[in-house]
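One chain, chain A, links the two complexes that follow: it is found with chain B in the first and with chain C in the second.
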Partner chain A sequence: MNISSPLDDNIVDNRQLADDKTAPRIFSKSVALEVAELATKFTDDSGYIKITISSWWGGGQRWSRNMTLMSSDQRDVTVKIQRRKNGGRGEAQTNQIDQASLKGVVGIADYYATMGEGNRALDRMMEQATWTPLGLNVWSDKTFNANILNSAAAIKRTIEKAAGDTLQSAGYIGTTGSTALVFIRDEWGRVSTEWGEVTEATCSMTVRHPKGLGSGWAARTYFDISKINIDAIATRAYEKCKLSLDPIRIEPGRYTTILEPPAVGELFKVVVASLRRRMPESGRKETPIFGGHDRSIGRFYSKLGWKILDERVNLYHDPKDPLVGTHPSVMVNRVDLITNGVLTAAFNDYTHELIEMYELNPNIQRSSFRVDGTGMTTEEIIKSTKRGILVSKLTQLQVIDQTSLLSTGLTRDGVWLIENGAIVKSISNFRWVESPLFVFNNIDQIGIEEPISSHSWSRDPLEYGFHLAQTNIVVPTIKVRDFNFSSLIDAI
Partner chain B sequence: MSNRRSFIIGSSAVSAGTILGIANPLSAINYGRTEVENIRDSRLKELIIQSIDSAISAGASYADARLSHSQALFASDYSPKRTEHMSFGVRAIVNGFWGFASSPLWNLDEAERLGIAAVEQAKINGAFKSRELELASVVNPESGDWIMPVKDDPFKMAYEEISDYLNPLLEFIMRMEKVNHVIVQGQFHCTEKAFGNSSGQFNTQKLYNSSGIVFMNLVNRNGSSFSNSLDTLSPAGMGFELFRDQPLRENIQKIHEETISILELPEAPIDVGRYETLINNKTVADLISKTIGRPTEIDTAFGHEANAGGTGFIDPVTMLGNFKIGSSLLNITGDRSRVGSVGCVKWDDEGVEPIKFDIVKDGIVVGMQCNREGAGWIGDYLKRTGQSVRSVGCAYAPNAMDVPMIHNVDLTVAPSESNNSLDSLRAVIKKGIELKNPLIGIDFQSITGFTRSNALEIRNGKRVARSRDASMLFKTPELWNNIIDIGGSESSDRFGIDTTKGEPMQRSTASVYAIPALFKEMTFTGLR
Partner chain C sequence: MKYQLWKHLLAGIIGLASVGSSGASQTLFQRPDTIPNYSAYKYTDQCLAAVRRTVYHIGIKDTIWYDTASYDPLRNAKPIPAEAIRLGRLCLSRMSVDSVPVKEYDIFIPVLLLANRDDDVNRIVHNTLDTIASSVKNSLFSMVIQAYSRAIPRRLNLLEKLLARDDSPYKITAAEGGDMLAEVLLATTALDLGQSQYAITVVTEILKKDGKYASKLPKIDAKSMKSQVYPLVIEVLTDQAMDSLAVSTLAYRQFLENLWNRLSSRPFLERNEDLAYIDGTLPPIKGDFWYTNLSEEKSAKGSTLIDNVKKTSEKDRPVKGKVNAIVFFQGGCHIQSESVRHGRYNGTGGTGCWRIAAMVNRLKKKFPELEVTIVSKTFGSIGSAPPLTPQDEADTLAEYFLNFYKIPGVHVIAKTDFVRMPGYDRRRLDLEVSYETDLIVNGTSLGHRDSFLLVDEIGHVFHSNNSSPSKILEPLLEKKLAAVMKRLSNVHNDDANE
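Take a look at the complex of A and B:
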């Protein structure tokens, strides 16, 4: 059962993750490189290999109904091997860092590469592709070494404030630190490596009336926990709850609407997800950026260069933006998607490059982004509004029609009627039916941008790795004309 | 609580720094870590006990520990993928507060560290007054081992055997009339779990979960399209026999024929109004999961998901035993012990052997999905109705890396004693709508919802048109109280339904056995 090996002396084990006091909770670059080098010993020199070594630590505190539910400390590591040989593709992944596991995971990816069909022509295109290392470093020691007792004390203050007013507080404070090494050796023997370090702190909370008569929510995500004011978030959620009590029901219809950043973020997510260049340029009309067909050259084209949103909209993703961030294993450059309302870039991949022969640098689809704001506060926007509706958050969004991006969803955690520059009453939640393309062409005012916490955070180590589904978005409050609320709902 | 340190000292078969691991599934040759044959190896029990001892010694009044070894295989013609994940998680209670710690390491040093770390996490809540946290006792606490019975273990099969079975299906479907897009994939999961707690319980089990995607999109001459997929490959607690033991090509041909017949129907916008509505069993399963499964998870019902997925509309304190959520035809049970279900276990992630329990009986909400902590929250009701205050086996985490939570268990909607089928229920409709796998949206309290797409207009028992933008609007109690008739046992099928929950978010899949159902007077509108 216990098989020893002459390679044991060189073993890199994941006890690096073991001890808070004497060893780091996540891999350093040198350890990750050592693991990568060891893994490459188990491959031959043929084909393409991509080795991604991610390590992750997370601490979290969760509470609800004015009591803490759970405090946790988790850490994990992943070695993912992606192989391409003779056009075939194979992939394998493990979280065990010993020689047997590394050999096994490389071997299985190698073997699967002979089974998957892949794309030979794609490999030829890859020969000309180049990559500039990004060196992602969105790191805060304050986050990684945060004193969790401070969070506990803040949670206690939050709970006491809510309980003192017979309200109920629920929330989550989490900190994570992760590193990733990406090692690539392509079919032509070229080697490149990418190293990234990222921390993240998130705090979100909901204050509710015990009988469900009102609800308020506030949140903040940032790489540096010292810049997150938990008490201010608690106060905001508390005040929103108080303001949302005893809502009245008003007629559904089209209203001038002030969408706070969490609501704006949901709508922009739909826009960003649709910006895939491959679709329109291969003739797929069911995409909002399908431009048309040029008979003279016999090619479909997208709306690149067209004005698709209000000219005040600037939307981009910069992986070095500390508010937006990116998982260190995702190798991407900055991309300006919409500039002054004009579609200036769209996501593409190597497959698309192959088809259209446009350019060689891929522009990988991503979900984190920033939309520039102005200096105007939400309060100032409210003051300038004669009659309208203020929406905290949109949720349960579904796209009804891919071509127009017509979508539906619900409002949540606070909707208010504004009259003569002031909030006059809390109102019941709505179902809405609207296209973000319509909404962001009907902009009245744009406020200060804020980072919003996304609920799409998830980790499924078997399928996705750790937290690649994480979405960090920075968007402003936006006032729009004629937002369509289609019906009332009962949920609060 | 028993202190088992003496046991540990007396059985040090493994040195502290040794890394243990189940026989590496990805390699025939293994060196570098000490292999154990399987999850039942006594040295793994030592790890569990060591972590629990460590937690108890550090001040925990209760502790439990889990090891999980998960494998997954994603079979596709384009890029096959194999993954392995090992994890070790320890949970502890100090002064009524929970703490949790987890990592990928399986060794005694780490076992000790995790026990202490879980206690440290629980003690962080020392800023709060200590509270009573009562765990319902485990009925017949059992130590043992269980392997989910499967015929064909996909992880013992050569990959070629799987790919040679799946890949020809692509060609088979692509040659079919009007097909323009096909996806054929297989997914296979195997998880070995070990669980122990400070009450002395220890058990191990091996679980399987297999599923497949056979999806086809058909386009007719005018560019109109309709998609369909094979429901019979929905996630199940089975091995490769999920594929082998069904007439796969016949089933594919059936859905192709059905899709052709639907595609040939004219597209027509729907008139806003109320219609008699026939809903197929897969959609009923999805609706049950979203509108009754979720709000009867006791932590959701008590508001613990307020900052995540939302709360529920069922107040257990005032509604249990008297709230009429549906017609008397509606009877729903929960049961994670049903073999073949994707959520089937011998013990849940708190060591509780699941039981079959009523959730809705004759249309009345009579039960909630509970874990050991949550059972006490409705203790008065359970005692009043002559039931024991116990967990029904709902604790689940995707693996030992994550904290166990209450997730939807496998649900069964009881069929009628009739021979009703989807076709016979359709035959009695003079003017109505049939919903076939529409998308469903539901609010964050599971009260109001809607469906969209995939609506078929019925006239005199026949499908006569299809509508892409028809949307059924409903409130949960109204929906289930509007049931006129339901299918018989022959029309019942099993569907794997995904749900998400918690912060950080966890995903789970549970089976729902459902029948088609006929509803009166459902409201329809056009979403566009």
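Take a look at the complex of A and C:
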């Protein structure tokens, strides 16, 4: 398919796009603008129109049991039309890029805008909006043009290394590139466009003993594939697997514990998910940040301004942070949730922001964040530990009590006993029962922060819609006192 | 592994065979029968349900939205449709009335009443009461009284006969301090049938009993006393109340107070906040934004108001020399969703708002000289629109009440100032607006809740209702208003003659 002329009258099956090796994988800005401008010609000039053109391409290789299973190449283009006129609101989308389809999809959005329920709030929103799209550009040509032969060679080396030790490896190496054009023409004829482009590369692998006697895991996600050292990840997973072989069983209980970033990330996710203002401040639910009820003013309050974690914890989301990342069409601001252990902001939705704050600058909930670390490496932390446990990863996490965030889960991919500043032995996995609030109030040391791979969603505040985005969590290694391991488990 | 495979295969074959053989006997879900088939019913509850369905379906054919319709005090006196009576009789024709066990009376008696077989009901009830054990007699009394006083139309004669029995637990001519339920039941039933003279006789009996009933009535607690007896008495004695109102609002207030003091041991003002304002003088209402849909004044240049809503400089409310209706909308009817300018309403505020609006419209139509004033305040937000300036919000609210609800009158809106909670919280804390702090009648502040006032020509409150006016009160309200209007016209005529 010739992408420069997608607007012929001929209806083109989009599935052909993937078969056409000569076609560009994603839309350039000029092509997206051409499509957007054509779409506006199918409407009258009244009302508001927002056209979001998202195109993405993704490719990856997957292997398991020391065999390559899959090599993929996927791509799609979505044109989403949002119309508002006379208080009505309509929305439609398509992935067929030709004149007839565009005309049809604009017509559907127009129809719903005419027939649907009115909501003038959204009309006014554009008039007084205090934020603008970020136009996020986290782009790497190296990622977009990555040679599949390079990653195939790395996978081959990984497999050979594992097979040489009668171990089995499995994993995934993938790259994606996506662009988004947001074209807005408002009720007053003002036109604005935002262009964003993002690439992402991810590498994740597990090395396991064929009889389940040990396992190791390592992963990395970053926008630039040249900064991802696949061999280093493979070596880390391999060495963790080797080190975790033949575990001994030790008594469950409270131990000084070094949690590596994947484990810390799981616990912080629970904390971040609970930081919502509306529930505690409307008195409907006692969440961990519920502050109580003040009879004198007749209001419920949250723990904003209270110290809820150790004073060394700084937790925030910055959409311009390339390590954290977000979807190019998502419009969010920076939010400092926890500063020096004090809860300085919490997530807030439109209604609460509007009614309670008389403002329109909400901290829409998001799941990617960064926790600041120090310069201390994990090895240095181990050296400074007289007796403790090193945990690679926590898994199967369930929150038992929403009020205190008491949670339970399992350890996975390697647990080791540390004595006198050195790892002495691999130990059996545990079930743990602990509240992240307790854990992060018992911090001994904080290490270097690292990005961990995490799939999550982001939310577009303007349209109340969700965008799937592969966003990162950046957290440090943390050593805590008295982490509660409740029982031994047999799983590896 | 092989064994397991065979096991699964075997289970599959057996399963298939069993499905094939039992397919015919499988019970399929059948929708319940909702079409009345009176010749097929075996039990009385089926009859009752079917007749009620018939009444309902006949009724909904000409149903209007009763929230905005004026109240019909005789709705329970109207006979049920003849078709429903015919079907009820048809259904009962195959049943022997005398063989029905007592435990089924709670269903059977309503069916008999629906079929207009009052004689049969009277006969079996009295026969049963004569023979039944005394331990269960009271519960049978209670059940039958409920059936009589809830039947449509109400069965006053049957109720009277029942209560006149010697063994009735509820005596009509009770001694001082005795149970008053019988009188209340008779009076309410009579009022439902429009027999107000009968009710007056009964209530006069109540009033003759000199005593403080609230503390002595075993069956009616203080709450039901408030909700049942007191409005009943006022309603029954409306003519006397109107006489007092024709003299002055002070006389009306004294009449109500005396009445209350005879019925309750509690002080008059403490009990009834509505009546606390009566005969108080309403100070001038203060506000920051004034609108009307009546005057022809031009709206200010640049205003976004729609055509029939204007800003007004007429700010003297209540209007002296005229009867005023003052409606406070304090959030209960506050617009939660805004599509008003586009003529689309997303439906919040509840039917109570419509009821008040419809009632005010009816009163204004019947008494064109009534001056209507709506009082409300800004809240800082409307629906999910971005923060509005007080002026913008006031414009929208004025459109909402004056154009969308079509309330004819003047709309006063007070600007709500606010402070913010300290620290990272920064939530908005609204301060009291001017009319909430300044509007004090009889020592009690007004304006904190949705309320409705009628104010006479010299600024005295002669009716107040602290919540939305109920349907029951509307006819009474009309009578009061008519009395005051009549008095005013007499005064004007006298002035003219002089």
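FYI, the second predicted complex is superposed on the first by the 366 of 492 C-alpha atoms of A that agree within 3 Å, B and C clash if a C-alpha of one lies under 4 Å from a C-alpha of the other, contacts with A are read in each partner's own complex, and residues count from 1 in each chain.
As a convention for this text, a contact is a pair of C-beta atoms (placed from the backbone, for glycine too) under 8 Å apart; a residue touches a chain by one contact, two chains touch by 3 or more.
The structure presented is a predicted model; accordingly, all values stated were derived computationally and were not measured.
Chemist: Per the overlay, which chain contacts more chain A residues, chain B or chain C?
Modeler: Between chain B and chain C, B touches the greater number of residues in chain A.
Chemist: Looking at the overlay, does A:172 come into contact with chain B only (first), chain C only (second), both, or neither?
Modeler: A:172 contacts chain B only, not chain C.
Chemist: Please work out whether A:205 is in contact with chain B alone, chain C alone, both, or neither, and reply first, second, both or neither.
Modeler: first
Chemist: Of the two partner chains, chain B (first) and chain C (second), which one does A:93 touch, if any: first, second, both, or neither?
Modeler: In the superposed model, A:93 contacts chain B only, not chain C.
Chemist: Output check: A:70 vs chain B and chain C. Expected answer is one of first, second, both, neither. What do you get?
Modeler: A:70 contacts chain B only, not chain C.
Chemist: Where does A:344 make contact in the superposed view: on chain B (first), on chain C (second), on both, or on neither?
Modeler: second
Chemist: Is A:281 touching anything from chain B or chain C once the two structures are fitted on A? First, second, both or neither.
Modeler: A:281: touches chain C, not chain B.
Chemist: Would you check which partner chain A:47 touches, where first means chain B only, second means chain C only, and both and neither mean what they say?
Modeler: A:47: touches no partner chain.
Chemist: So which positions on chain A get touched by both chain B and chain C?
Modeler: 117-118
Chemist: Quick check on the complex: what are the chain B residues that touch chain A?
Modeler: Chain B residues touching chain A: 17, 19, 21, 24-27, 29-37, 70, 72, 76-87, 97-105, 107, 109-110, 113, 117-118, 120-122, 124-128, 131, 159-160, 163, 189, 302-308, 310-311, 313, 398-399, 401-403, 439, 441-445, 447-448, 450, 452, 469, 473, 475, 500, 502-507, 527-528.
Chemist: For the complex, give me every residue of chain A touching chain B.
Modeler: Chain A reaches chain B through residues 1-5, 7-8, 11, 13-15, 17-20, 58, 60-62, 64-65, 67-77, 89-96, 98-101, 103-105, 107-109, 111-112, 115-118, 148-149, 152-153, 156, 159, 168, 170-172, 174, 204-206, 208, 212, 215, 217, 395-396, 398, 400-401, 406, 408-410, 412, 429, 431, 433, 455-463, 487, 489-492.
Chemist: What does chain C use to touch chain A in their complex?
Modeler: 337-339, 341-342, 344, 346, 379-387, 418, 421, 423-429
Chemist: Would you mind writing out the residues of chain A in touch with chain C in their complex?
Modeler: 86-88, 117-122, 124-125, 127-129, 281, 297, 299, 301-302, 304-305, 343-345, 350-351, 354-360
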